[in-house]
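Below: a set of structures, written as structure tokens.
Same chain, two partners: subunit A is paired with subunit B first, then with subunit C.
So, the complex of A and B:
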């Protein structure tokens, strides 16, 4: 297991290197020179050229990307912001806690609502409850997040005055952003849980469990849900990854100093080195979450765990044995 | 399974395969028609496309005509959706904005679909090193969160209709490549492909004649779902000021303009928002309906 984790961590490195190359290349070929933007519209060509030299933007592509990599590996920095002159990593580190707080709460909330709703919809398939929750899931999945944020803000902050309009001063101010971030994952979790449960509920071992006369509660919780967990975990892991990288729109509307907000403001200020840093950190979080999800599979499913520990052949064998037992 | 049964019949009576094929289509159309939600969604999309194409002829007012005396009017018989902060008719602007949204998302999805079909079929069909390299590259692209990636690309390319389309198209290539590759991998080991290989048919011909037609069904479903997602993404980008810029009307930037007046005047946010929601909903329902209709495994 430990060897597998190490192998996966090592496999993250080429992916992250690739991300740096991709993002750096996109920013390198941008149509606007950051130096020109920093100097303002009144600047002369000489001033812009001097600024470019100062920022190292006049050097060839390979030298620039080489320096960027060199700084990451040796100094552990992502460069200094063009505008604020502070290290990009510090700027991200001071903003990330807000994003993580909102992202984690939203993920927990969406799992707490989505999974029970999905189970209910699957157990009572084709009932009015099933239709209602499926319809709601489709509907909430289609609401543009900026409209939702604006409507929540209008109703609960401006009209009812229950929560602050924006900012992160008190704990109440986190509630509206959390709800806004959570809504889309709720729909996804619910739909995925429903379809995974329906898949599992039709299996022979569930029929056997029922034939044995087990109470329906045990059948659903122990036999069906346990076997439906893998796709549910996948979707939850994906949701956590997305929420942790910050919802740019939610953070912009509620004025939350988080990763998404920093990213958006750095783009509008043409502070591309900060943008680059944000994307890199977000990609790191995403890859890490994928790894974590894969590891949780092993905890939940003994079939997958045995594949890690004994190699592939043993995994197949134990799968067969398990299948035999269930039938 | 379907392939086998089709062949059997064509062997039995050489002159009717055409008819059999048509009935396959009819079967799928019947299956689709039974799904009421999908049919309604399809009707709405047809209406949307019609409005987008003929926006200039059927819209009640000129989408850019300002009438400052009648600004921020609530819905009335004269202006069914009200007027905005410059006195422009919101209904006419939504119709015109729909043209932009549909055009950009159609361009973006075509770009990503064409690229993904080519790359995905190469990866899936040839396998081995080529496949490995392509998959590692898609890993890289997939590890960047979609919205952040779209923002970075469109910040680098600049704003505008074509540039936004390219940005969003490029961003959705990687997930589509994976989908196409996996459906080709499922196909590759089936008997009729093996038979063609045994007959000495060239790889190019196998790809053109067998692989692409058989991956078309999941591709169509994906395209329908992507169209909805892309409309949402365009409006998100435009809302943040990165996609389509005012004065060109686009649903996202209309909402963005309306948010200043939210406390007192809701039509500027509500109607464009509803348009985005309804089109996203219809493309999703259409995609689900198509999947149920085209996938033979779902046959009940």
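So, the complex of A and C:
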């Protein structure tokens, strides 16, 4: 198991390198020079050239990208922001907690609403309850995020004054962003739970459980849900990954200094080195969440766990099974 | 005393393409300690009958149209959910057809066996575990494997685990739905032997569902032959095997290769089982029956069960007229 985790962690490196190369290359070939933006519209060509030299932007592509990787490996830094002159890593570190706070709350909220709703819809398939929750899921999934954010602001902040309209001053100000981030995952989790439960509930082992005379509650929670968990975990893992990397739209509309907000502002200010840092961190979170999801699979399903540990114990285990057969 | 008594049971499924009549008014009974073999082709309604007894049929689309199922004098179809749950697994339990899919893949086999004990006997966890280990020993699975998952077992061992689950609470009636179909021949014998031995020690009645007459001969006292949702012939093993009356039963026997007689080809029953959504009129077997052309009543009238000799019932116009002629002749003779 430990070997598997180590292997997967090593496999993350090429993914992250790939992400950096792609983003770096796109930025490099963008026609606008960050130096020109920093110097302003009145700057002379000489001033811009001097700025480019200062930032190291005049060097060839390979030297630039090589330096970037060299700094990450030897100094552990993602460079300094072109505009604020502060280390990108510090900027991200100060903003990430806001994003994580919203992301985690939204993920927990969406799982807590989506899973029970999905189970209920599956157990009472084709009832009005099933149709109602499906309708709700499609409805929330169909509203564009920015539209929803604005509507929430209008109703709950402007009209009713229940929550602050933006910022992160009090805990109440987190509520509207959390709801905005959570709605889409709620719909996805609910739909996936419903279909996975419907798939599992038709299986023979569920009939076996009923033939044992177990109460319906045990049949649903212990026998059906446990077997339906894999696709549900996949969706939840993805949702957590996405919401932890920060929603650009939600953070921008609610003016929350988070990762998404930083990414957005750095792009508009042509602060490419910051953009790159944000993307790298986001990619790291995403790949790490994927690994975590795969590890949770092993906890849920013993068959998957045995695949992970195969490398070492295969010989010993197959012998055991054979021995048992003979008996 | 009869432990199970099914009277005129009719189960149908309402599908988009029409009503499928899976079980059409069957009646059968199983006495205490007795074994009844329910034999028929695939699609005859055997499994539907078995699931019907435990009320494990999903309703809708399934529907119990009419009939009664008495277990120890109590009608299962009128039971409340709680009574039904108390009965399932403790009084009547079931061995399923396919051992590969009947066990929960994410629970250890030990958990799956002790779960049913814990639920029905209201004992402590330790006691349930002790009984579970004893049960495993009875089905000859080493106790140290209780913590393993179904995927770590072979098909025959999985079926033995299922038998252990079914017999864990010492049920009065065991429904075995083709318990050996999914297994290879050597394991089949093992599993059958095990079911028979456990049945004897626990004095359990059994409803054995199979399409294998050999299996019936080995482990049952009574036989019921099922065709298109009806029981066409029933009686003791001797009645069915030695005094075969119904043309369908004869056809089944003709389809078995014999070791003693030299045969070039088997004589299968011509034609196919009728579609349960579109059953023929009159006798359900008449389109395939080699004797049906003799009598016009076959296609027109549904035959009723007729007692050929005491305890041996046949649903066939031809057998009926034949037996009645015989009686008349005898009457004249005396």
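Convention: the second predicted complex is superposed on the first by the 310 of 327 C-alpha atoms of A that agree within 3 Å, B and C clash if a C-alpha of one lies under 4 Å from a C-alpha of the other, contacts with A are read in each partner's own complex, and residues count from 1 in each chain.
In this section, a residue touches a chain if its C-beta (ideal position, glycine included) is under 8 Å from a C-beta of that chain, and two chains touch if they have at least 3 such contacts.
If you're wondering where the values come from, they're calculated on a predicted model, not measured in any experiment.
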Clash-or-fit label for the pair subunit B, subunit C on subunit A: fit
Subunit B versus subunit C as contact partner of A:42, first or second or both or neither: neither
Partner chain(s) touched by A:10 [first = subunit B, second = subunit C, both, neither]: neither
First, second, both or neither for A:263, with subunit B first and subunit C second: first
Subunit C, subunit A and subunit B - angle at the middle CA centre, rounded to the nearest 10 degrees: 80
First, second, both or neither for A:73, with subunit B first and subunit C second: neither
Subunit B versus subunit C as contact partner of A:211, first or second or both or neither: second
Superposition-derived comparison: subunit B or subunit C, residues of subunit A touched: B
Touching partner for A:26 - first (subunit B), second (subunit C), both, neither: first
Partner chain in contact with A:62 - subunit B first, subunit C second, else both or neither: neither
Which superposed partner A:146 touches (first subunit B, second subunit C, both, neither): first
Which superposed partner A:160 touches (first subunit B, second subunit C, both, neither): neither
Smallest distance from any CA atom of subunit C to any CA atom of subunit B, in Å, after fitting: 8
Subunit A positions touched by subunit B in one structure and by subunit C in the second: none
List of subunit A residues in touch with subunit B within their complex: 14-16, 18-19, 22-23, 26-27, 29-32, 138-139, 141-147, 150-151, 153-154, 158, 241-242, 245, 248-249, 252-253, 263-264, 267-268, 272, 275, 278-279, 282-283, 286-287, 290
Subunit A-facing residues of subunit B, complex: 136-137, 139-141, 143-145, 147-149, 151-153, 155-158, 228, 232, 235-236, 239-242, 252, 255-256, 259, 262-263, 266, 269, 273, 276-278, 280-281, 284-285
Complex interface listing, subunit A residues touching subunit C: 203-205, 207-215, 218, 222-223, 226-227, 300-303, 306, 317, 321, 324-325, 327
Subunit C - residues contacting subunit A, complex: 51, 54, 56, 84-90, 93-94, 96, 98, 101-107, 115-116, 119-120, 140-142, 145, 149, 151-154, 156-157, 162, 165
